[in-house]
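Heads up, the next two complexes both have subunit A, just with different partners, subunit B and then subunit C.
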Partner chain A sequence: MVVYSFYIFDRHTECIYAKTWLPPTSSSESHAPGGPTTTLRPASADDAKLIFGTVFSLRNMVRKLGGDDDAFVSYRTAHYKLHFYETASSLRLVMLTDTATLSMRNVLHQIYINLWVEYVVKNPLSPVEHKGGVGVRNELFELGLDQFIGGLM
Partner chain B sequence: MASSKASRLGEEVWKTRMDKVNAELVVLTYGTIVAQLCKDFDSDYVEVNKQLDKMGYNIGLRLIEDYLAKSNTVRRCSNFRETAEMIAKVGFKIFLNITPTITNWTSDGKQFSLVFDENPFADFVELPDDGRAQDELWYSNILCGVLRGALEMVQMQVEAHFVSDVLRGNDTTEMRVSLIRYIDDELPPEDD
Partner chain C sequence: MFVTVFALIIINKAGGLIYNRTFHEGGLHKISTNDYLVLAGTFHGVHAITARLNPLKPAATLNRTSTSSSTTTTAATGAGGGAPFARPDPPSGLEVLETENFRMQCFTTLTGIKFLLFTDTTQANVDLTTRRVYDLYTDYVMKNPFYQLEMPVRCDMFDRKLGSYIREINNR
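Here is the complex of A and B:
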């Protein structure tokens, strides 16, 4: 399983956290440069906006067709799979992985419970609103996330 | 049926997932805050009520996330009655170990009262004997703010206030909660 990137969007639709894990270069020694790796192009600021637009529309469509209790979970392309998780407080977590990965809903839920709530919400120095991502990029959260994702791969 | 489910959930979360703290520490800490506010605002109790509400609001904005995480809530309540059940039997239960009674629904299902049989903030408390505090100070007003802040984060705008308090000599401690509206999802800004 490979995790490509991870995004958090707040209830104001702003991207307040983004992180990308580059495809493992050390293990791809056997590949000739430009070999058959499914490298996604490097993330840019526009990606977050595009991703939000996509998941937001999909979520609305899913609810329209499947009722308010239905939830948009993931979609898959030939190269990657996008996982989506939304909390009741309108925090949206998005993760891009390789296509073989099973549902990451539980993983995103754990990130919310064990990392977001513990290290960001309960940090008295972090503001309630994370304009421009203030307060999210703290050491404990980053470290916890890295360890958690590292443990999955 | 839904109501017993909420009770069970509240009970289980309280028992297994909550960190506990000495109740007297809470009483004394909260009492100190109120006493200090009364001092700071020269016994202007209307202002003290306002400040307590504001403090509660800021607590509520964060507390809701802990509530959602601890109670493992994944979906929204389907109506305001369910919300009331969850507030009383899960929210108050897990954070204060009390379960206020829900009564006095209006027929449109948008207003209800929470009656507090016990109030952990109010142990040992006597209101100042200056002839005004009995009529003006809502000692536990922070709770109104907490509800307002927490529900706002889950897209419900509510108004909450106390209508009676045993500390004032009333028979019950009652809070009135009214739903003003459901807040719509915020939309991403348009790209030009």
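Here is the complex of A and C:
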């Protein structure tokens, strides 16, 4: 499985953390004729906004159809799969992976418990609101996330 | 494998709701026709965004020019050799949406009509079911001389055939 990117949105709908990973295929073999020629599209700041809009609309749609206790889990297109996890405090975690990946709900839950709560919430120097990503981009969280995702791939 | 089909929605290429039918009561919440119209429009927009969010980008243009000179001489027999400017894959929007209570399969035709099929969460060949529904649509809606394109579907034959087909699945 391949993880393309990961986003965290706070309860004010602001993107407070975004990270993308390069695909494992090296750039040298992509130049071979007829070989796999897919490269990562450079992520733009608009991507986070588009992703939030999508996730927000789909979540509302799902709640309308499936009842208030229903939760939007993931969607898949022909090229990628998006996983979604929302905590009780309206913190939203989003992850983009390749299409073959199974449900990543528990993975996102683990990131919330083991990384977010441990390194961001329990950090006494971290502010309550993470405006512009303040307090999220700390060394331990970044390192832990990188290791965790690296272990999955 | 017990697949229960809850509902079917057909959205035209402009994002308007043209068909909406519930097959199984209790699967989805009852919402008003107005809400269905809103839902169809919202989904149409979201579908367009999901196609744009693709993290992978197709083959770069410089790649194509560097390989075309070498392939034209050698790979004239292959499908790629005859088309140095191979067309990229069409952008693909949302295909399957999963939630805790239901699963939604979206099938987009080349003409831009979307078939949304709501089923329960057990996955088993919902893809085939949407294709079959599309077959029924082409047979009994598109071939109906009184049907106007992009307008709501009101065809008796389609209703009947679709009803019996879905009943067959739900009673399996």
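Definition applied: the second predicted complex is superposed on the first by the 140 of 153 C-alpha atoms of A that agree within 3 Å, B and C clash if a C-alpha of one lies under 4 Å from a C-alpha of the other, contacts with A are read in each partner's own complex, and residues count from 1 in each chain.
In this section, a residue touches a chain if its C-beta (ideal position, glycine included) is under 8 Å from a C-beta of that chain, and two chains touch if they have at least 3 such contacts.
Quick caveat: nothing in here was measured; it's all calculated off a predicted structure.
Superposition model on subunit A: subunit B and subunit C are shown accommodated side by side without a clash. Measuring from the middle, so to speak, at the Cα centre of subunit A, the directions to subunit B and subunit C differ by 120 degrees in steps of 10. In the superposition on chain A, contact is made by A:Leu50 with subunit C only, not with subunit B. Residue contacts after overlaying the shared chain place A:Tyr112 against subunit B, while subunit C stays out of touching range.
With both complexes placed on chain A, subunit A has more residues touched by C than by the other of subunit B and subunit C.
In the superposed model, A:Val121 lies in contact with subunit B only, and not with subunit C. By the touch criterion defined above, A:Val134 lies against neither subunit B nor subunit C after alignment on the C-alpha atoms of chain A.
Contacts of A:His12 after superposition on the shared chain: subunit B is touched, whereas subunit C is not. Once the two complexes are laid over each other on the shared chain, residue contacts for A:Ser90 go to subunit B alone; subunit C is not touched.
The overlay of the two complexes leaves subunit B and subunit C separated by a minimum Cα distance of 12 Å. Subunit A residues 53, 69, 71 lie at the interface with subunit B in one structure and with subunit C in the other. Residues 4-5, 20, 23, 30-31, 33-34, 37-41, 43, 47, 50-51, 53-54, 57-58, 60-62, 64-67, 69-80, 82, 96, 103 of subunit A are the ones touching subunit C in the complex. Remark: subunit A residues 11-13, 49, 52-53, 56, 68-69, 71, 87-91, 109, 112-113, 116-117, 121-122, 128 touch subunit B in the complex. Partner subunit A is touched in their complex by these residues of subunit B: 58, 61-62, 64-66, 68-69, 73-76, 78, 153-155, 185-189, 191.
Contact residues on subunit C toward subunit A in their complex (touch as defined above): 28-29, 31, 35, 39, 42-43, 45-46, 49-60, 63, 66-67, 70-71, 80, 89, 92-102, 118.
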